[in-house]
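Two complexes, one shared chain (chain A), two partners (chain B, chain C).
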Partner chain A sequence: MSSNDNTEPKKLYDDLNLIFKNNPNINEIGFVISTKDYDGLENKPFVVVENKLGFSFLWLTKLYSFCFHRFIELKNDFDSLINEFLKIKVDDTIFKSTSDLIEKLIEATRNVLSINAENVTALNQRKKLIILEMVDHQTEINLLNLIFTKHPKSGEGWAHRKWIYTDYYKKTNQYLSYQIELDVCKRVAEIYPKNYYAWTHRWWILKNLSIELFLKDLELMEDWIKRNISDYCGYHHRYLILTTLFKIFFNIKDGKDPQIDEIEFSNQVLNENLFLEIWSKEFKFIEKVIKMYPGHESPWNYKRTISLFWLENSELISKSSHSNLLLPITSVYKECLFVHSIIQDNESSYYLKQKSFAEDYLSSIYQVYNKDYLGDSNFNLETLKQNYTKLITQLKKSNPDKINVFDYKINKFTK
Partner chain B sequence: MKVYSIGIFKVAQGSKPVLLSIVYELSSFGFFQRGSVKEVSLFVSRETAGRTNVGERVSMEHTQTQKVCHTTVDAKGIGCTVLTDSEYPSRVAHNLIRVSMEEFYKAHPEQEWKGIQADTELPTPQLDQLLLKYQNPEEADPMMNLQKNLDDTITIVKKTVEQLGQRGEKLEEIAAKSDDLSFQSKAFMNNAERMNKCCGYV
Partner chain C sequence: MTDTATTTTNEIDHTTTFLKDKHINYITNLDVKKDTFEYWVTEHIRMNGMYWGLTSLNLLGALEKMDKEEIIQWILSCQKPNGGFSGNTLHDDHLLSTLSAIQILVQLDSLDRIDINPVIEYIVKLQQEDGSFFGDQWGEIDTRFSYVAILTLSLLGALDRINVNKAVEFIDRCKNFDGGFGSIPGAESHAGQIFTCVSALALVNRLDLVDIDKLGWWLCERQLPNGGLNGRPEKSSDVCYSWWVISSLCTIDRLNWINTEKLKNYILKCQDNETGGVADKPGDIPDVFHTYFGISGFSLMGQFTDQVETIDPVYALPIKTIKKLGLKAPWNKLI
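Take a look at the complex of A and B:
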């Protein structure tokens, strides 16, 4: 490439650096097709409105290509500098004398990542700079917050974030602000629904914290679910919190998650009554959601997950000293009653959908009966078997395409 | 569970509906998307209002952007549109239409808008409040039986744009002719469809 070809992208690059320098409070980035709507001119490469920076698509390819090559050049310089340093073992003033190079490198990686957050080379370069203490952890978190406004689903970006959080902990034995992490996860989940990276990160942050914060997050998630009925991510987050509280309460250390095994159970924060309240509230909450928003499958799936969890653990609960209090929370019998109330309510909207979800749900519940505890003395193993066979026969009729599945289920059950 | 906009139009047979007032709630979109989302919302609202018969309650699914436009046109020729996501309960949306129309009539008597022939913005601050309140349907409609099919007078018709219009009318053609959409918004609408496809299995 001749130097002449480079003048235009170089100018773009310099302009971009200048924009970042003059507007230190930029809090959102985005790509725009035309800049006309923002400042009247059609073909401008950048727009800055209310601390939001927009890149025009028109110039993006050229700019990115230049940013990337520029970054590689600087990276090579940096690498040879490191080699030199290792060879002659001079004191580390050599880095201080090259602060110009470092600054350029910081700019170049930032520019690359603003356009493409998946660039692992640039992310790793920044990790090196963090290790050399030329970029501090909080600055890096701020940069990632900015990048996530445009690239919320960058897996590499989220992995980088996790690295920073861990590295900071290793060096200082303290955590960076968890509130910033939880806030960014929430915002990102809003602008990009069903963002698994954000939800995984949220749980990863949370499980290092305390029981009090688990309870607080549980409360926050209730509102989230009411506003996002069909997004399963919120439900799954609740499931993780609730089952972890269960493990802590019953002191189950299964070695699956060392961080959780380390959490000490304390009677002051999580006593028997509170534990009972949380779980029974959960069953009431999800039943209310199912009735209020019929025809959505996610709340049914969630109900199935927590009911199965509870029923599968009913043996453990019945052997514990809390059995009188906790066992009545749910039972096969109770769940049957709930499903029948749904099936009878044929005035509900989306009735057919709701009915088929209810029947599917019931067939899963029957599968995990506990011989010693069905929840009601009128309800014995014989009736259960009869009801189950009846239900499966109905389901076979209404879903002829799934006959094999139901045959398998009934075989497994009668054995 | 989101309400994106409430719009009030003056609808007359055979001509394009005239915008009287519209409010938006777009916090779930990135800053640089909001312009396009506004245009697309206005476009979908106007096209639906123009294809709704007097007294009919329509909930029109706009598959390209996975939004639903709920509309009613009353005997005086005022049409109200409420644009929501696909999981918002239609019944609550139609309640919102009813109260929004009441608020509009309170704020603007008939003589004020009767002569209007071109798009205007009659400020109706009550609509902003309603828009915020109805973000959570449970709060807005504490009756709780919001999903019951209680009586026939409020039967809600579900239609697609194609069913609303004359036979053979394609949405792309309507969009291409529309003045509400800039080039950027047309691209946005097409991209929205592609993005939904790659991440959704609904």
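Take a look at the complex of A and C:
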């Protein structure tokens, strides 16, 4: 064991504060097994290289327990101060005269959160400091950006972020930079794929903006998907944008999200031709992804989602004045042709999974045949039932774990 | 060399055997390890940890291994003046830890040790106009909190104190096109959130809002060729989904849509045959969270019934506790 192990925790804590003070541009934090790998010297509690701060694991437990207790002590002092303030109703200079305590509290909470971003009590303490205008909203966002470089999946950290954004809006009636929010979501989604919090946050920010920005995000995310074809979050995001545009275009106010219901349709930003282009492009795009990267569940899932969405809404489309233009975007028949082209594509169907996904997809499409308003005469009900039964028999063979599901499906379909 | 050889021959094959005694030892020794980093980064959610550990022991018939009075005293030390409970003595209150505190107290048959009225008040105040629930005074909204509020109030017999219709309406707004549920309206379907939404709807008799075929299909797609379950498309398998996916399948009566034998074997492989406990994936280090989910996964699938008691998929409590409290559970044929 290293002799450095005897370092007093107080010294570690002071050193950390000093590092933050002397390096105001630190833009990434991380935990390392040994700092030696980064600066070539002996293993030390901290290392700073090119504005990146590394904590050595060897000292981390000791440091964290000290940070936490230090924070609790300061928090207790702060709470008694507040109580006093509430009791005697002295003027608010009481806080100004205790700027030293506040400074220390800001440091302690930052140190706790750099190591453990889930410490909800430390996050709450910072909210109290923001309310008292001792920390400003933008500074807090910057700190969170730094913390997310190490803790991108901190649910509490993301909730804190939402609180800052909301609190700022309540006070100023203005949004903090939405661009910073969209950027951090993208960055974090890249460090940690399938990051539920980041994508939920992205939509929560975006839905308050405008149709123009929806369209811009759709374009941006096309590129993202090409680089992350197995990350369903990206597809779900596209689904949200596309179906929101659908609701706006057809003036559907379903009460699911009041903010979306309030968005006004404008012919100048979203006309019939653009709407047609967006949706037909989407079908082509996902088909291309499926062909280029055979055997992935996410693109197939997405294909199923948008096809079913379209087919289940085809009654509504068929009754609208856009029927002629929009209805042909897809149909049960078209989807059957697509699946057959996949199964017969010898280049890719040797990926067994691709074939299985394709058949599975087709079975879902068959189930909505009665919602196909294109009036395709290529099918009659009997042929459809026969095809479906054949398909399910095949699927049962290739997915023996799901026999009960397929039996259930076939019973229901042929009834 | 000789040492290794001997250990190997004496080792129990954890891929086929349920290591009951080792798990009991693992859980009862958890609190001793205060000098580890893991202890410190989970210190703020000790109440949840206590619930996972204590419920696991209860399912294994070893509740007496815990010092009941010590636990109760500690729980009391976590109650705040506003009625809510915190994750640990020095922390702030939260709905999540409040549910865990109540779940522990009912298992210890000690609900009479607290005044339940402030707890009820605490939860009632967190409901919003749109039916959703804040997790605490700071205002985060998540369908997990809807479940937690509804479940806690069910256990305290005070469901009539909130606007149930509004609560249901909010959960329904978080339902997705694929039949699943997300954390807020628009958020992607996630097995964990599905468990909370389906359970919340079950508790208020509104399973009619669940599209059982669509959801059941989505849930059974979570089983991977290795037998394990994931929580979203193309994620890797993890033992925690043995709880979230299976409990949802049980509540909508579709457990036979997955291969439970394969899942059983997957969870067995995630046991640690040296220390006891269950890990997220085979070969990883175990923790109390996954130990609870592994054991309750076996329980829901009706495996090792001679060693594991039966848990209810909605209340997340042993059915003997539910029966004792005289609660209704129409989704559960065993109650």
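Before moving on, here are some points about what is shown:
Operating definition for what follows: the second predicted complex is superposed on the first by the 393 of 415 C-alpha atoms of A that agree within 3 Å, B and C clash if a C-alpha of one lies under 4 Å from a C-alpha of the other, contacts with A are read in each partner's own complex, and residues count from 1 in each chain.
Quick note on the criterion: a residue touches a chain if its C-beta (ideal position, glycine included) is under 8 Å from a C-beta of that chain, and two chains touch if they have at least 3 such contacts.
None of the values given here were measured: they were computed from a predicted structure.
In the overlay built on the shared chain, the residue A:Ser230 is in contact with chain B and with chain C. Using the contact criterion defined above for the overlaid structures, shared-chain residue A:Leu215 touches neither chain B nor chain C, since it reaches no partner. Judged by the touch definition given at the top, the superposed model places A:His296 against both chain B and chain C. Look at A:Lys194: by the touch rule set out above, it reaches both chain B and chain C. Counting residues of chain A touched by each partner, chain B versus chain C, the larger count belongs to C. Legend: residue contacts after superposition of the two complexes on their common chain; A:Leu58 is shown touching neither chain B nor chain C. Once chain A of one complex is fitted onto chain A of the other, the partner contacts of A:Leu274 are absent, as it touches neither chain B nor chain C.
In the superposition on chain A, contact of A:Leu81 is made with neither chain B nor chain C. Once the two complexes are overlaid on the shared chain, A:Leu101 sits clear of chain B and of chain C alike.
On chain A, the surface touched by chain B in one complex and the surface touched by chain C in the other have residues 194, 230, 296 in common. On the side of chain B, the complex with chain A involves touching residues 1-2, 27-33, 35, 87, 89, 91, 135-136, 138, 144, 146-150, 182-184, 187, 199-200.
Listing the residues of chain C that touch chain A in their complex gives 35-37, 40-41, 43-45, 86-87, 90-92, 94, 135-136, 138-140, 173, 177-178, 182-188, 190, 213, 216-217, 220-221, 223, 232-235, 256-259, 262. Taken in their complex, chain A has these residues touching chain B: 28, 30-34, 37, 49-50, 52, 54, 149-150, 190-191, 194, 226-230, 292-294, 296, 347-350.
Taken in their complex, chain A has these residues touching chain C: 57, 60-61, 64-65, 68, 72, 115-116, 118-121, 124, 127, 159, 162-163, 166, 194, 196, 199-200, 203-204, 207, 230-233, 236, 239-240, 243, 255-257, 296-298, 301, 305, 308-309, 401-402, 404-405, 408, 412.
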